[in-house]
Amino acid sequence: MIVVENLVKTFGGFRAVDGASLSIEEGTITGLIGPNGAGKTTLFNVIAGVLSPTEGRVTMQGEDITGLPPHTLFDKGLLRTFQIAHEFSSMTVRENLMMVPGGQSGEALWNAWFGRKRIADEERALLAKADEVLEFLTIDHLKDEKAGNLSGGQKKLLELGRTMMVDAKIVFLDEVGAGVNRTLLNTIGDAILRLNKERGYTFVVIEHDMDFIGRLCDPVICMAEGKVLAEGTLEEIKANEQVIEAYLGTGLKNKDQVATA
Amino acid sequence: MSEPFLIGDTMTGGYGKGPDILHDCTIAVNPGEIAVIVGPNGAGKSTAMKAVFGMLEVRTGSVRLDGEDITSLSPQDRVIKGMGFVPQVRNIFTSLTVEENLEMGAFIRKDDFKDTMAQVYDLFPILKEKRLQAAGELSGGQRQQVAVGRALMTQPKVLMLDEPTAGVSPIVMDELFDRIIEVARTGIPILMVEQNARQALEIADKGYVLVQGRNAHTGTGKELLADEEVRRSFLGG
Amino acid sequence: DGHSEIKMGVILGFTGPIESLTPPMADGAELAMKEVTDSGLLLGGSSVTSVRADSTCIDAGAATAAAERLVSADGVKGIMGADCSGVTGAILSNVALANGMVMISPSATSPALSSPDDNGLFFRTAPSDARQGVVMTEVLMEEGIMEVAVTYTNNDYGKGLADSFQAAFEAAGGTVTISAAHEDGKADYSAEVGALAAAGGERLVVAGYVDQGGAGIVRSALDTGAFDTFHFPDGMIGASLSEQFGDEIEGSTGQVPGTDSPGVAAFAELVGDAFDATSPFTPESYDAAALIMLAMQAAGSAEPADYVSKIEMVANAPGEQIFPGELAKALQILADGGDIDYVGASAVELVNGGESAGNYRQIVIEGGEISTVKFR
Amino acid sequence: MTESLRTPLLFALVAVLIIGTGIFQDWNVALLLLNYGLISAIMALGVNLQWGFAGLFNVGVMGFVALGGLAAVLISMPPVTEAWAEGGARTIGGLLIGAGAIVATIFAQRKFQGRLKLWGTIAVALIGFFLFRAVFDGGVAAVEAVNPAGTGYLGGLNFGGENYKEWGFMALVAWPVGGLIAAGAAWVIGKVALGLRSDYLAIATLGIAEIIIAIMKHEDWLARGVKNVNGLPRPVPYELELQESATFVERANALGFDAVYASNLFTKLLYTGYFAVVLLILLWLAQKALNSPWGRMMRAIRDNEVAAEAMGKDVTARHLQIFVLGSAICGVAGAMMTTLDGQLTPGTYQPLRFTFLIWVMVIVGGSGNNFGAILGGFLIWWLWVQVEPMGLALMNFITAGMPEGSALKEHLLDSAAHMRLFTMGVILLLVLRFSPRGLIPER
Amino acid sequence: MTDFLNALVALTNFVIVPGMAYGAQLALGALGVTLIYGILRFSNFAHGDTMAFGAMATIFITWTFQAWGISFGPLPTAILALPFAIMITALVLLGTDRVVYRFYRRQKSDPVILVIVSMGVMFIMNGIVRFMIGVGDIRFSDGERFIISARDFKAATGLKEGLAIKTTQGITIVTAIIVVAILFWFLNKTRTGKSMRAFSDNEDLALLSGINPERVVMVTWIIVGALATVAGTLYGLDKSFKPFVYLQLLLPIFAAAIVGGLGNPLGAIVGGFIIAFAEVTITYPLKKVLGYLLPESLEPDGLVQLLSTDYKFAVSFVILLIVLLVKPTGIFKGQSV
């Protein structure tokens, strides 16, 4: 579905993504892991058109999408969430969701002035959809709250909720789990699986929670220092020496002392 | 039971003129202890931390540090009293370099803080590498490390961390927890909010489960981990 | 009744780009009012009070509103003003014409304002630029100067004057090396002076204001050694010229409206230390106010509709010549049914339906002081 | 005070201020204030569209207002036939060559490759420039030589001939044209500058506005430059005509009015009617837009451009759209204002008056709220004009007790004019102190 | 050879020296603007009038000194008066902050509100200055006027072209260099300086680090007061003091601050020079210079001027636009709120 060839992104002299090549198969939930600063978010940003690559090429279903602006990619069905929540802080939670779908006829000024009827119908449908998503995310009681007033985790949920407002082909999730309650995260995991199974969404998931990755993802790609370090099932990855050293580690050293103290 | 070192006692309060978020919420920690707050998103965990730190008005209840009532002190004054805090969001100076961020952590210290800085760099080697880079250009996990490093620079008498491990890789998380334990062992009480709740409760002496601004469950880390309902509802089974 | 109070509007740019020029102008006009009031002779003992209003010089809307207020709310019987030609035009067409109000501007010199459709309500005591350009050419040619650089303040006064001068000077065989605008009230004139210096010329003609960019240009030209002698038209000639530059501009020339009459001296004496009598357009302001009041006396009425026809009559011959400080005498003559020829501080002579005829005093800077060479 | 009561009360306050002006000063003053207030409200609406809806920091309002004013001349003045004959064709030809040169340069820049790209492009640009100057300068000189004191420009498109002043409707035509010209300029400017963030966009627009004014001041062939164009036709009858019309005098007298007074009121009222219609139409359009999905999208873009872009909104295109719309509104207002003034005076366009004062209106009124912007427009304009007598009165009051002729008293009275801005400042601070988000804040 | 020297001197006298001096003046003003922007996060429109106020204070004190017979040798007496004027201006600014700005800071108002509030302050200061000292031109420079005057230079070198450097130009340039060096050191190397940057970056977190916001604000205003007074006084010494001009200075000052990158002191300096040189060079006719350099036969007839001075403002803004299009946040990466 998405093929990344030899991608390089430099900041000043620093190579944040350093010749990464990978491909994402249609219909999979691909996990993307790697140490902090490995270049995962940067890779997302390049694919999603926020950053332009220094070198390399990205294709989506055979079509070259390198350097296309994010809104064009959105129209092609490529959605993403932000690691650091980018909510519309002065709008209500519900409006945050309702603004998402593209091609709303009310977004054309002419209709805004003279097409009240059509807009009203569309709005009703949108509203219902938004409320459904909010309920799913357990934040429906906050629908009229300003998004800026949400808690850290709630903002993350809203990020996710936006991708659920439209029919996407491929969704990039950048640490949706960080700061989200584990019980809720399980539910989110269920939803991702369902969207994947029932609607055929492709997902790429950055996450540091191995349980979550384990439950959802196959295959898993591990990046380090801007390059792809390893690829395979989670089991294979977990067994990879380099991955353990750079990323997974071997658990707490001080655990016993404290627990008994 | 004697008075805990730091206690937010039956706090009730909310943001500005808005509704109460906290309802008779109590949180306490003693020297050498790690207290962990867990709970669903929006339960009021961050709010409770901010209330303890004086960043929002506590309408009823009080906050006491070492027996002294500090309910009406400003956050700065609490810093001077030895409290250190890492907020959940906006917790670094994005336009300052990493090193300057750490220096700002040591702002109130009059002594030489080179050693502490070296310790922080030891703990988070990547920060040493990026020490002259603007913190805003770091990756999410790196920022988190800067934020914790900044708080450690204060050499606080009590350390409060709001989700310090959000977004950090497993290896760094382990080290972070290790370090937190070490800090606690030197006798500094640590109060933290965690969503990586199981790992956190494993090292916690005390755990609080907050739900809708109220204390829902309280116990030692072990007890809470063992509690079937807590596990199911808040720790993801 | 004999002891009524007549209000006269004084509308000038008290704030804004020419704010430093306007206070003495208003003082000049009010001096004339005080003189008339003190005489107790106007229309059998009426007093004249001034109502000041701010034309802002730049904001036609605010100026129109201020003038509207003068006319309809304060009930003034005549307007001394305005100053900048933009707002003057707006006030004239929107307020004065519509209400049949008389306006005498002390400083608007733009030829464009002498349009035929002012309904005979608009006058000015400053001469139109066209004539000054010719006079200026004569002065320079007599000095043997054939090549000059010109800088003008970028408004209709400066531009009009520069244009008419350039036309006259070139027709007389002279060369204008460059004609560069400068904006008033700006921070720095190095670029303009650089350009003027590079173009060169025997003398620099500064068609600006002495309290504004004109002074800045002269200062910068002197400091860099670009020019040592200048030629100054009316806007540049005032006490502050010699105060600021003294003998640094020794040998510079210029001309101001004025005749061989003792009016200027009389005005200076009359003013004393009260304000700067030689500041640009200050004598003209005194004259503008005086003309309105004298016309009222001649008409025996303070209504604009009645006295408007008398303005040219009192301003021009025949009749006894009237100088500053002699308003009481003039009022008496008029009351007795006599005729006057108001000369005033700026040698007023109204032609072409309300324009000043334009007699000029040629000056030179000698020993750091402005001294008169002759009259033209 | 509840939100829903606040808006009508504040508008009532403005009404009271204007009516009070009518009662205590004069109805002519009140109506004049109202008319300029309407224009100010329209400008504020335009700025609010850009800032309040989309967060575009446009500080070039002055430029668009001035372009509107230019349209008033270009449409409603008669052509200067002699100038056209002397140099019209050459001037226009020059302009076309100039435009062609720009197109050719862009074309060269796109098409040339390799080393040719830089030098070829520069060469094309230079050749174009000299060609343009060679043709254009001569045309301009010829045009400006035609009676420079009276015309010296090409004039406009009013073909009423001798009686062009009777073609007052041309002034009405000029208003939308003013909007179009401003919109065209805004489109070009937006293409170039809209990529800039907040304050950088601000200074860029400020600079562009200065450039527009510089052109209007120096290109005499266009609209006489600083020599001004006076006597523009107007869409309402002249007071003098009314005063001479027997029927009007009769009717006025029947109503108990003096004819002069009545004629003044009548013309002003007609203007009020025109302006109010324009304002109401624009307000209706703006309100509909704000409360539609379009408005929601705009607010989202204002809030967080990166996220909006990721959610499929074409931020650049939307910015351009709203920049053009807002500027067009300012252009319409500018044309209306020039018609009301009866003259185009490029020298009056100063940023303080035509940019920052409008911003004060928007912010004090309440940005993001159309009613707020309109209220701000009326209120601030009223203050701008009325603080002058207020300052004067204040000084008179202060000095009332002082002995006649004392130096301090003189000094205070002489400074009265400066109390105008001082008072304005004090009031501004007081208003913003008590409603820091504007009088009618965004929802 | 002499021709070449003449050309060089002409260019120096009319382009380089005035450009440097004007650039330094703009830079000093822009430093104040940029500092407020960088730390208190709003564009301060009152800065022009603050400069006027500072210069006014200097003038009053200078007059007092002159009345007492105190002078400063070849340098202007005003330099002696500066420290006192700085104190007064800083006090006034602190008062303004207390009465006006603090409220909005506590409210965490939108920066644009603060911009409009600063316009209110501008109007008030504007009134106060005009009320206290009037609207006219005031010259208050004394001491030696020139370091080298054009006449002396010609006499000394025997060249046809003169070169003039005014004392005030010299002082301005030297001061600008010193001030920016100190400021740079202060902001980047001292604890207080860093805490100021931290405060501007993230106020809440600054609080959590024990930084006293009131102190940061106070220090900022004191520095701004000093900068404004120095800039205003030097400008007034070089040209003359007239309140209205300070309002007009605001535009090029902002242009300078922005082109260099808002919030960046070094940018303010570079921006100041760019704007100044843009105005002076692009409109400078090369006629004379070429006249010296080229053989007689090739001497140009026209002015050889790229653009007439009418468009000097336009030119500087075009340059500004080009710079911004190439580097959207100014030459030295600035901030944006």
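Per-chain residue numbering starts at 1, and chain names A, B, C, D and E are given in the order in which the chains are listed.
Following the convention adopted for this analysis, contacts are C-beta pairs under 8 Å (C-beta built on N, C-alpha and C of every residue); 3 or more make two chains touch, one makes a residue touch a chain.
What you see is a predicted model, and the numbers here were worked out from it, not measured in a lab.
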| item | value |
| --- | --- |
| Intersection of the contact lists for chain B and chain E | none |
| Chains touching both chain B and chain C, listed by label | E |
| Farthest chain relative to chain D (centres taken as mean CA coordinates) | B |
| Centroid distance [mean C-alpha coordinates] between chain C and chain A, Å | 74 |
| Intercentroid distance (Cα basis), chain D paired with chain A, Å | 47 |
| Cα-centroid distance, chain A relative to chain B, in whole angstrom | 27 |
| Where chain B and chain D are represented by their mean Cα positions, the distance between them in whole Å | 55 |
| Junction residues of chain D, two or more chains touched | 217-218, 418, 420-421 |
| Touch relationships between chains, expressed as pairs | A-B, A-D, B-E, C-D, C-E, D-E |
| Of chain E, residues touching chain B in the complex | 191, 194-195, 197-198, 200-202, 204-212, 335 |
| Partner chain D, residues of chain E touching it in the complex | 37, 43, 45, 100, 103-104, 107, 109-110, 112-113, 115-117, 119-128, 130-131, 135, 247, 251, 254-255, 258-259, 262, 308, 310-311, 313-314, 316-318, 320-321, 324-325, 328-330, 334, 336-337 |
| Sites on chain D touched by chain A in the complex | 285, 288-289, 292-297, 299-300, 303-304, 306-316, 321 |
| Touching residues on chain A, where the partner in the complex is chain D | 48, 50, 69-71, 74-75, 79-80, 82, 86-91, 95-96, 98-100, 102, 104, 106-109, 111-113, 119, 122-123, 162 |
| Of chain D, residues touching chain C in the complex | 24-29, 32-33, 36, 39, 148-150, 217-218, 224-228, 230-231, 238-240, 260-261, 263-264, 267, 337, 340-343, 345, 347-348, 350, 353, 384-385, 388-389, 392, 414, 416-418, 420-421 |
